[in-house]
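Heads up, the next two complexes both have chain A, just with different partners, chain B and then chain C.
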Partner chain A sequence: MRELVTGDFIWLLFAARWTLGLTVVAIVGGSLIGVIIMVLRVVPLAPARAVAIAYINVFQGTPVLGQLLIIFFGIPILTGANVSPWAAAIVSFSLYAGAYLGEIWRGSVQAIPKTQWEASASIGLSTMEQLRYVIVPQAFRISIPPTIGFWVHLVKDTSLASILGFIELTRAAQIMNAATFRPMTVFLTIASIYFVICFVLTRLSARLEGRLRVAR
Partner chain B sequence: MIDAGSTAFFSAIGACLDPQIIWLLVSSVPGGLWVSAIPEATQRISGHLGLRVDYTFRFRDVWRHQDLLLEGAVLTLQLSGSAIVFGVLIGVLGAGMKTSQFRQLRWIVEVYVEVIRNTPLLVQLFIVFFGLPSLGIKLDAITAALITLSINLGAYLVEIIRAGVEAIAKSQIEAGLSLGMSRLQLFRYVILFPAVKIIYPAAASQFVLLLIASSVASLVGAVDLFHAGAFIESRTFRSLEAYLVITAIYLVMALFFRAAFAGIYHVVFVRR
Partner chain C sequence: MSLVEIENVHKSYGQLEVLRGVSLNIDEGEIVAVIGRSGSGKSTLLRCINGLEPIQSGTIRFDGEQVNAPKTNLRQLRQKVGIVFQSFNLFPHLTAERNITLGLTVVKKMPLPEAKEIARKVIVQVGLEDKLTAYPDMLSGGQQQRVAIARSLAMSPKLMLFDEITSALDPELIGEVLRVLADLAKDGMTMMLVTHEMGFARNVAHRLVFMHDGEIGEEGPARAVLDAPKTPELSSFLGSVLV
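On to the complex of A and B.
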């Protein structure tokens, strides 16, 4: 056992880059999957919608811990390929984020009144043009606050990746606590780091939501 | 603790999850042969990619510990149920404090809500379970998990409840008064019932999220459903099967409660 020194706090602060890195990669991966889920969810084809709904229910109705461990143990077994905790965490959080983002974006597209579709059709726009010039720009604005709100959830949920031994903020704190046995100091420190990251995003989301309300 | 009936029930489910029986069931329905060919196809594709796969799923080893699964599921339900009760109390209290005329009270609730909603549940649990003992407060894993989950849920409910109560227009209350309603009648018919109707859907989805999130309690050693999974894994070395079964049980519980809450909403608020 040793004392906590200033360098340890800096080390914890630097561990936050893995939390942020995992979040950013999961946002990118999740956005790609989210677009696919959103499209499957709105196409006029019952089996496609059923697949999307099943996907969303599975990822929103099960613990992230379970998803992480199934991916971590499942990929090597089903494909024979070795996965690092980092790769498993990326895959898992991307699939998880895809379910939520897909649902948020579907809601945003469906929030556009039907009259907008009809009006743009009546001035002779094709379906693609309707989407490109009328629907997507409006839906995009609506979707920004809840999307950033979900990013906050994602930042917090990445703490669960510590179960795989992946060294992000929470895992780093566990290691630091094992070495110094100062749990209160160590965990309050990382809680503050999480708070700063999430609070900035929360404020941003709230501000954009306010601005959106004024613009309409 | 586990009676014979439920043991038989779980054995039946366990038997149904046996790959050979699944194969028989699947291949007996039209088009089922195609589905049963999926594992083979996966193997063939992986083979082409130069990956070697020879894995037989053995769910029986996991189902042998069905009593652990049942006990874990019961603890998970008890833990989440208690956390919901305390969380609702905290939420109501917080929403009340937020409409208080004292600035300090409003400020305390605001700080509470922001701090809890912007930090991970797992870290909150670590502070309660590992941190508090250094201040002389020792808690067992389940108590620590219950406290953390209640405080966490309460923070989300404060906002939901406040929004629900504020959605009742002042003119509604004035209309009630002009009808000559007593204060009790006014509270019951004009404020409480419509407010709960607004609050209910958002609160219900928070309850289901809490049930799922309660799995973090296993990380400090509470013997909940997720903990049962970890224990079975360590006993059988069937990691994938153990976590597939555990996760599936959480999914069934989440879907069941989501449907139940929706059913209650329909009966209480829609059919009147």
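On to the complex of A and C.
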């Protein structure tokens, strides 16, 4: 047992870089996958829809923790290739985020009235052009609150990566608490750090929505 | 050869047969008004002509090309067939100008300056030259509908389909839209229009088609059909709309 010192708080703040790093990477990777899932889900092509739905069912229907473990321990067993914790975390959070973002965006796309599809088809636009010029720009605005809402979840979900040895915020707090046995101080501190990150995101969402309302 | 040749078209939504053997030809330059009760299949017929709805049997040819064939290039067809809807369906996130130029730049691959030139031309045609930069929600219903007409005209269609385009408008806005249609008629545009404006149908349309229960109940020169209906169905329909 030892006393908490200022350095400890800095160390906690420093551990937040993993939390943030994992979140950002998962958002980027998940967005790429999410766009593909969304497109597969809305194009008038039954096999494409089936693939997307299967993907969504798998990744929404199983816990992220399980996905993390399967990728980290399972892939090496199956392929003999070594998987670093970083690779496993990036891949599984991206796959997981892709399923959720894909569904959020599909919902936004499907909230656009059918008449917009008809009007754009009637001037000769192809499905991809309809999406790009007519549907997605309108869906984008409605998708902001749920998208950022999911990012906020993701920030907190990244604590699961501690199981692979990442000393991100939650894990760092556990270590520090074990050394100092000051749970209230330590856990309230990281709760505040999580809160600040999520609060900034929520504010960003509100700002973006307001801006888009003015600029359409 | 007529511009539009519709032969024995059957169309169903699930169990419900909406078009039950419709045959109709439209010549170039002709103006055909379609009337009939709600649910008689007027909109469906129009939407089959530009391939928005598939049909189960029969054939539809436009400009010699079969519309309902798997290999039909709908993209090319739809540049030649404009359609305007009751509810305008402008793209709300785009200005009037961009609503009009979108098809030109994306589908026709036209350079933007050239497309803007055309946008200016068609917006003048519908009398809204001062509204190019307006967004749809800044326009009245009548103005939105005129922009929607301009959006179709910009593609230089050979046929224009109008589906009750004044039905969603306040009475005082109907006139401005009908005037645009009358101008188009004068310019020789081939048109097929579903309408409840009997006066307009009588004065502007060459031919009148009365749809009844998914079939063409009666057709002929607009005035003759309206003045002397041959079937009890048309008589009773006219009775119900003219009162």
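Rule of thumb we're sticking to: the second predicted complex is superposed on the first by the 194 of 216 C-alpha atoms of A that agree within 3 Å, B and C clash if a C-alpha of one lies under 4 Å from a C-alpha of the other, contacts with A are read in each partner's own complex, and residues count from 1 in each chain.
Assume contacts are C-beta pairs under 8 Å (C-beta built on N, C-alpha and C of every residue); 3 or more make two chains touch, one makes a residue touch a chain.
Computed from a predicted model, the values in this text were never measured in an experiment.
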Contacts of A:Val134 with chain B and chain C, given as first, second, both or neither: second
Touching partner for A:Ser120 - first (chain B), second (chain C), both, neither: second
Touching partner for A:Val25 - first (chain B), second (chain C), both, neither: neither
Contacts of A:Leu69 with chain B and chain C, given as first, second, both or neither: first
Footprint overlap on chain A, where chain B in one structure and chain C in the other make contact: none
Of all residues in chain A, those that touch chain C in their complex: 115-116, 118-126, 129, 133-134, 137-138, 216
Touching residues (chain side chain C, partner chain A) in the complex: 50, 52, 74-76, 78-79, 82-83, 85, 87, 89-93, 102-103, 106-107, 135, 148, 151-152, 155
Touching residues (chain side chain B, partner chain A) in the complex: 42, 46, 49, 51-53, 55, 114-115, 117-124, 126-127, 130-135, 208, 212-213, 215-216, 218-219, 226, 229, 239-240, 243-244, 246-247, 250-251, 254-255, 258
Residues of chain A defined as touching chain B within the complex: 57-58, 60-63, 65-67, 69-70, 73-74, 77-81, 152, 155-157, 159-160, 162-163, 170, 173-174, 177, 182-184, 187-188, 190-191, 194-195, 198-199, 202
